[in-house]
Amino acid sequence: MSTVTHPGPGDTTTVAPAGSAKPRPIAEFLSTYVFSKDHKVIGLQFLFSTLVWFLIGGLLALAVRWQVAWPWSDVPVLGKLFAQEGGQMSPEFYTMLFTMHATVMIFLVIIPILAGAFGNFLIPLMIGADDMAFPTLNMLSYWFMWPAFLAFGASFFVEGGAASSGWTSYPPLTTNPAASPGSGMGQTLWLIGLTFVGVSSMLGSVNYMTTIILMRAPGMTMFRLPMTIWAMFITALLQAFALPVLTAAGFMQLFDRSIGTGFFSPEGSIINNEMTGAGGGQPLLWQHLFWFYSHPAVYIMILPAMGMVSDIMTCFARKPLFGYRPMIYSVAGIAGLGFIVWGHHMFISGMNPALGMTFMVSTMMIALPSAVKTFNWLGTLWGGRIQFTTAMLFSISFVSMFIIGGLSGIFMAATPVDIFIHDTYFIVAHFHYVLFAGTAMGVWAGIYFWFPKMFGRTMNEFWGKVHFFLTFIFLNGTFFTMHILGAVGFPRRLADAYHYETFHHLQPMNAFMTYCAIGMVACQVIFAANFFWSMFYGPRAGRNPWNANGLEWTAPSPPGHGNFDVQPIVYRGPYEYSVPGCEKDHLMQTDPPLETAVAAAH
Amino acid sequence: MGCGQGRLVAPTPDREAAETLRVALSSEDASSDDGAGAAASTGTGWGTLTGRFVFVGTPPAAKQLIVDKDTAVCTAEGRKLFDQSLQVDESTGGLANVVVFARKVSRVKEREIAEEPLVFDQKVCEFLTPVFAARVGQPIDVRNSDPIGHNTNVSGTSFNQLIPAGEGTLFTPSRETGMPTMVTCNIHPWMKAYAVFREDGYVAVSSADGSFTLPDLPAGEEVELQVWHERSTGPNGALGADMPAYDWSSKGRFTVTLEADQTTNIGDIEIPASALGG
Amino acid sequence: MNLPSATACKNNQPTTTAPRLSLACLGVCCLLPILAGCGQTPAATFRPNMVESAKQRLQPEQEQQVATILEAMFGTPDNPVVLPETGLDIAKLRLAAGPVHSDIVGRKNGLFREHCSHCHGVTGDGMGPTAAFLNPYPRDYRPGWFKFKSTERADKPTHADLVTILNNGIYGTSMPSFELLGETKVDALVEYVKYLSMRGEAELSLMRYYFELDDEDEGKLPETRDFLIEEILLPVAERWQEAEDAVIEVPEMPEVDLTESIAMGKELFYGNKANCVKCHGVTALGDGQANDYDDWNKVVKQWSAELQSAHETSTSDMTSEERSEHRAWLAKSDRVLAGDALDPRTIQPRNLRQAIYRGGRRPLDLYYRIHAGINGAPMPAAAGTLSPDEIWHIVNYIRSLPYEFDGELGADRSMVARDRL
Amino acid sequence: MRNRLAGLFWSLLFLAVPVLGVAVFAVAPSIDVWLPKDVSAHGKEIDSLFYFILALTGVVFIVTEMLLFWFIWKYDVAARGEEKATYIHGSHTLEVIWTIIPAVVMLFLAIYQMNAWADVKMRRPVMKPTVEVVARQFEWRLRYPGPDEELGTPDDLFLVNDLHVPVDEDVLVQLKSMDVLHSFFLPNLRIKQDAVPGMKIPVWFKATETGQYDLVCAELCGWGHYKMKGRITIESREDFDAWLEQKYREQEATQPNPQEDML
């Protein structure tokens, strides 16, 4: 790799190179902030775009919750769309809401914010590279998100509204435009959007793998990489192997819809009282193809968060990561097993029950690595000097919540029990504990932790903790109750379940959950305010505000173009905290070997 | 999302007015003045009204109808079917199939309803009488002189009947139609005719030469008549004409006062092509 | 950077930044409920029959008069009113009308908007938000035509007929079964459908009456009891009340061997007398007549044709204000056609081999269909043409069709979809 | 100079997780937000499995969450004074232990359940279908084979949404879909099976108690998904036969039904 030798810009530098902007300021601005090939700028572009979609997704969720809690009542603001009906939303509008909530959260928030935002920003910094292996590819990976943004965004305004067949997009509901209002133009746009997200992720993952393999700083062996990088690396592998299947399946569905192929449509059904045309297909085929990507995707959506949490925890426990290699092996294990468990989404789908048994076994096995990781995190906390920074609180809550999400998974893995709780609020609780209480918490931890590196200033700790506290309370209020709703068998995706005798008494509980959800979204205002206020007025951060060990902390905050002012040389792993015989409680990866350090101290 | 975007803003009811009106309506002993306001009957005699409709200008060529069923019968040996909505007499320019009926009369002459049924026939997939008038209560023999089956559907009435080949069915209209109502055959969707039924039987259809005759109308007082043509661009097919003498309105109405036992001829009524959407 | 922010830069301890931020957050947090508050939408309203209004070229003030009269006679979606002449039960209506909510008794109200309005529309005009995506379109009650009933073609259905429809649903359409709601609720809904239908018919005759007015009325309907009750309301209401005793007499099925009866039915089906084959096709797959419309769609179809020719007619011999009036009317009509009517669809004769009978599968139901025809649909009446026995033969034949496989179908076997029976 | 309060506050917050978590599950049954009444023969198995896993995960949940709480309580920097954090990179033995134990438990779980799974989905009773359920947007169309016990013959009985089955007998449902995916969900019989167009999927159960329960659609099937409400009535053989008899008579009616006119 090229050794970086240009003069270090020092603490005060911003991302923009000083001066030289005179002749063509616009072009300069564009190339620096918009079509930049600098991994940090691209990372931030990902971060900001995804945070905007995070807000949209949250608001969609509120609308969904409103209908679930008070079906057919006048919806605030949205009700205007249904003035003739006195403001009550129509059922197909509701199905559109939850479909797009999931779609936005998964494809436009979680996946891109982890790989796109943090992956881009952190990988070169943490491995001591001056940039990604393929900067242009990297830029493209961001700009390929825009067609997706536009497709998903536009689909709300087309005839019939956006896709409304659930984020899993099961045919024949999706392949036959007559089957549901959202299966018209909206579904086509959905598939197009999905394809572009795929392309973007693919470009990203290729880039990450190459960078991590080829551009590590001298001395940075694979087993000196921070967990974040390991997680990103495995994630990239998952993406690279699973994505093509989804893309292919997406095109097959597109063909079924547009040119009348019949991959997923069976012979002779009557949909919306019309005989269907093409036939001979098999709806289950889509489910297999879809989950072959989407189950690994579940890990794509959590592994990077696990990595980041591991790094943040060690830093604020001032203690080496407990079981570094086991952690890596379990990540790899999750990735490996992740490819042979997709069938557990299909236990009652009509798939051969014998197949269900095998998938049950593999699914039970994939619980192991997760358990190992959890125990290791506990081990990391044990005997540490825990500092309750906001980032640390979010990390701890990640572990605490991940335990819940992980354990509830075992219920679904057990096929007989799954017969009852499949497609009930139990599963809704499960994946919200993993994805929101897990990943989202990890993401916040990451933001609070690396914010100084991103903007050269630290976020406000007091309001950070307020934000954590409220979010933590409200999220449990919202999602924990879902478990017992699921125990009643309360099905997901019903616009109004209360006309079933079995469920009509659950309305008050749903109302409570909706209040919590409103609170949860509302308190993100604190985060937004803190985020933008600190960007400009936060206290200036030095290079290493948390006294952490990673390479990124040897670079200026924010790092200039090319990241490091001196080429970092790595002497040790990233978790050398509280090393005996060394009076400062952390040894950075670049610090010269211990003997010399001690000698220097004398 | 089907929320009716871009819909016209509908007028909102006047709440107070509605309230007061509701009270008025729910009170049983509301003033029951005969709002119908039939003109006070003065005269005693009876007169006859005649006239003639003349088409001004050259009539457009009739459209050919698309015949896609029973062609063996309907379009045997290359026969073509044409749209009959505008029938003009080449020599005299008389406009046929114009309906004239009394809209307001103070008296109705006692005439017993004819027993023998009027014949409404269909042959080679056409209604032989494209416009057809009858008195309420007068039996109509709906025939089918074709070797194939038809059904006759008089919209707005209870009558939509199968008419087997060569057979007929009796139909006795029980309600007035107001303006003429459409008669169709659903088996052969191109078949179309119009029927008008009146309580008082004061109704006439202009003949091939455009002339019509309405006998036994009350004389010595104003009689208001309504004129209709299938092609008319006026509201509900009302046929307007430029005849100030009878203050002929755009709603296709005119008034005359007849002499007892006389035939009053209002002469030629000129109908411009534009009035018939041509 | 400007001065205030520069000072902000200096005092950046949490303690001092806290109040500043808390204000900001407080502000936004209070803003949310306010936003929700102002989000409340006005109460639901009945949509006027804009198509008829445009056809009759009503002026805005006339449209308003109709709306006012209707509100006087029928009230609003949230608060229905009935005059004794309608013979409707206000208690039932209250159960069905209004927004979805539970009253003090804990009983669910607003049934119509909970179960029906998103397809049939709050007005019962078959134009709810979901309507456009359904095939066939949801029923528009306003013309007062109902297809599946035990009465003669032009008569109204009996209460029981509508109850049966709600209980069984209409197989072959998007109308599901509501049997599980229980008798009281179904009863209330039926009453409400009658109410909407009467209202719609009253509206139609009101709008049409403007044409009947004399010049001295200055285009204003008389708001007298005689006119509104005698002329408008009673003619509609009475026909609903008459329906109960207008049920078709059904003679017993003839005492002939079923196979014989079926054979005779088949003869009639293909013969020139009953002529079923003309529309239902030689295969009985409903492929005989593809280019006809039912009356609901016909209204729109014909009117859009009229509009088309109106667009084409030359405005040369019009005075300037006539022309502008004409143009205004055309503009309005086009918007009405786009916003207040669904694109007309052709009606397909029933495929008789799928064992899907929209009006019910009982021999009795089929007898009614053939005897009286289907109101609003092209299906003609056979009574008078065919003897009751002959009708029964056809009924038996039709009921045997889904199970008849004598190769007549040829390549169309798949259409039978026997497995789906 | 940090004070202890922060540490106490946060560790108590995380202590609330196991405490309240357990509390919710403890209270749920008493407020009737819990597994609905089970009236099926195989349901016991499923429920006991559910409780078994609940107990198992419950223990793990409590232990891990308590440890978490204990560590952040004990090792709060404010409580540690000048003492350094323990410098340890892990423990091979521990790793082995907490890999083996869960592995064994999980494997046990997996194998332990296979029998129950096989009972519900694999050991199909040898019999002709009691009833055929055809799901469509948005209702359950039912077809009983009639006296000849053959589906697709003129004596079939057609019904909608109102499923009746005999008690204490094996019931074999032939599940089909006319248009899109649906899911045949009987909460009280612990039955759920997707209906897939183009497939005939057998579903069987044995009801142990008479009564009326909900039939729910549990797979998104379009805008009217929530509308797909059905009802299952479990009744004695006699009542069931009588009901079939009566329904068939209604279906074959050639004269108006007197009850209707009463309405």
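The chains carry the letters A, B, C and D, assigned in the order they are written, with residues numbered from 1 in each.
Keep in mind that, in the parts below, a residue touches a chain if its C-beta (ideal position, glycine included) is under 8 Å from a C-beta of that chain, and two chains touch if they have at least 3 such contacts.
Owing to the predicted nature of the structure, the values given are computational and were not obtained by experimental measurement.
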Target chain C, source chain A, minimum contact steps: 1
Chain whose average C-alpha position is farthest from chain B's own: A
Chain at the geometric heart of the assembly (C-alpha centres): C
Higher-contact pair (C-beta pairs counted), B-C versus C-D: B-C
Inter-chain centre distance, chain B versus chain C - centres from mean C-alpha coordinates, in Å: 29
Intercentroid distance (Cα basis), chain D paired with chain B, Å: 67
Chain centre separation (chain C, chain D; CA means) in Å: 39
Separation of chain A from chain B, taking each centre as the mean of its C-alpha atoms, in whole Å: 73
Sites on chain A at which at least two other chains make contact: 82-84, 90-93, 160, 180-181, 267, 270, 272, 496, 499
Touching two or more other chains - residue numbers and ranges from chain D: 137, 178, 223-224, 227, 229
Numbers and ranges of chain B residues touching at least 2 other chains: 1-4
Residues of chain C defined as touching chain A within the complex: 5, 8-9, 12-14, 17-18, 20-21, 24-25, 28-29, 32, 35-37, 39-45, 47, 77-78, 99-101, 110, 113-114, 117-118, 121-122, 128-130, 133-136, 172-174, 414-415, 417, 420
Of all residues in chain C, those that touch chain B in their complex: 45, 47-48, 50, 56-57, 60, 63-64, 67-73, 81, 83-84, 127-133, 152-155, 211-212, 215, 222-229, 272-275, 278-279, 289, 291-292, 295, 309-310, 313-314, 316-317, 332, 335-336, 338-340, 373, 378-382, 384-386
In the complex with chain C, residue positions of chain B that touch it: 1-4, 6-8, 10-15, 17-19, 21-22, 24-26, 30-36, 68-69, 147-149, 151-153, 155, 157-165, 167, 169, 178, 186-187, 189, 233, 235-236, 238, 249, 251, 272, 274, 277
Chain D - residues contacting chain C, complex: 134, 137-139, 141, 143, 151-154, 156, 158, 160-162, 176, 178, 223-224, 227-231, 250-256, 260-261, 263
Chain A to chain C touching residues, read off their complex: 71-80, 82-88, 90-93, 160, 178, 180-181, 267-268, 270, 272-275, 460-463, 496, 499, 518, 522, 525-526, 529-530, 533, 536-539
